[in-house]
């Protein structure tokens, strides 16, 4: 039976898992992983979302559940103290922690409702007082700040930005900064058109090496279309785009 | 010489009334030329008097500041006549993120995401916008991630004087959780 | 039935406090469910009590309205508190934002956020308030974003005559950063 549920109804994968546990009236410490995994996957199948970020978070949880399911079918692992390790333990810990904060968020909401019953007053300075603007005490404000400190902070930040390269991906090698010159791309595309006259957009893109190059190439094509230098046809959405040179045909 | 007690009360009431927003007790003390300790004592007396039945306003304390506000029981009369203040509509996402920040502060974005299991950029930005949370520094860890904490606006919004007054996960519940955990050291593997 | 006298006074105080501006007596009468005449009598009593020495606020009547306001003799204290420079702190966040603006000016909010990796609305507002930075124009780009730069106040406080005197981040240093970053990457490859 299909259960009409929208993904948005859940705060995240843990929330969905908690919902399933509560719906089945199961002790959180004793989750029947097989059933829950199946129900979880059922939900995910019905989810209608285009947001890959959101979807991937749910899928990671599903994978975790399946991983636990697999581990439970295998001989039990034993830790250093000779105790059996329950593959669910980590998940239970996570769920409990999440559950606690979720619970506290309801408590806080109650607090907020109560507190919302007190009203405040906007600042209302009498004219005579208003004319005085509180001066900024620069000496106190900038007590420990010097030019060299300012420079140091800036250097530090620029360095941090350089270091921000993903530590995993950065080991794949040097990451080059894409510098694509629009003007040079125009020259390139014009040359391409001269030599091909009629060609598919895809064949042009295949010769581009980076995302930035593809974007700039696309922009150049749009520009040339606007200027009436080329004709563009496309049979159907997602079909290849055929580009024909008008200038060359005339000349 | 210090001004008289009555005068001091009058001055503080005038200042708090005029400013509207919260005023640091230290600044009030300077204005009435008293020590912070004595100022606090005077404020406590004032609060006691505000609490009487014929008063519609009272004092609230927020960390080391005080502010005048209407008594909660006046709300039903006020909504009839006064424009109600802008209310933040905090979605579940925002509430969950906020409660993690409130209880775990100072806390990084990553830690919040670990607990909630989903990204929280949007929630953090909204909470920053509402001035319920603020950047409180950076963690001494790779990438020096930002640390977030709650603001005075948060205290005001949730009616607590200080972070110590946040509702606690009650002892009974925590104990229950613990006992369950202990009992389940060996979870039954009922696939 | 009418609410009790004390309650009526409290309600009116709360209403007048919240509204800030003057409120018609007829509206107050409606709120406390009394006749205008009786309401006026209650207000007169209230005013008498506000006039006592330990109060900093009082009631003023304007035609058929009333308003809460600070007693004029309190002005000198209000000015005194307004004059005391607030204790401001240049937090790390402010310092970082300021240094980016100093070195990259004129610079947009977006560019600052790109470098810091977080939103900087609050920091920019504080720096504007401190008059250390100012809006210097708009960028000729979609949305015409504001451009920020440092002020004379900034120069004066950092003891430089012009921006040219800011310690330079020279090309050699920038190159160094790059090499360091590359070396670090290389190190990780070697492991």
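Order of writing sets the labels: A, B and C. Residues in every chain begin at 1.
Keep this in mind: contacts are C-beta pairs under 8 Å (C-beta built on N, C-alpha and C of every residue); 3 or more make two chains touch, one makes a residue touch a chain.
Owing to the predicted nature of the structure, the values given are computational and were not obtained by experimental measurement.
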Highest contact count belongs to chain pair A-B
Farthest chain from chain C by C-alpha centroid distance is chain A
Whole-Å distance, C-alpha centre of chain A to that of chain B, is 31
Averaging C-alpha coordinates per chain, one finds the centres of chain B and chain C separated by a number of Å equal to 18
Chain A residues touching 2+ other chains are 119-122, 124-126, 129, 163-164, 167
By the touch definition above, chain B meets two or more other chains at residues 17-19, 68, 70-71, 74, 78, 82
Interface with chain C, chain A side, in the complex: residues 119-122, 124-126, 128-129, 132-138, 140-142, 145-151, 153-155, 157-159, 161-165, 167, 170-171, 173-174
Chain C contacts chain A in the complex at 14, 17-18, 20, 69-70, 75, 78-79, 82-90, 95-96, 98-100, 102-103, 115-117, 129-131, 153, 157-160, 166-167, 169, 173-174, 177-178, 180-182, 184-185, 188-189
In the complex, chain A touches chain B at residues 11-15, 27-30, 32-34, 53-54, 57, 61, 69, 72-73, 76, 83-84, 86, 88-89, 92, 94, 96-98, 100-109, 111-112, 114-126, 129, 160, 163-164, 167
Chain B residues touching chain C in their complex are 5-7, 9-15, 17-19, 23, 27-28, 30-32, 53-57, 68, 70-71, 74, 77-78, 80-82, 125, 128-129, 134-135, 137-138, 146
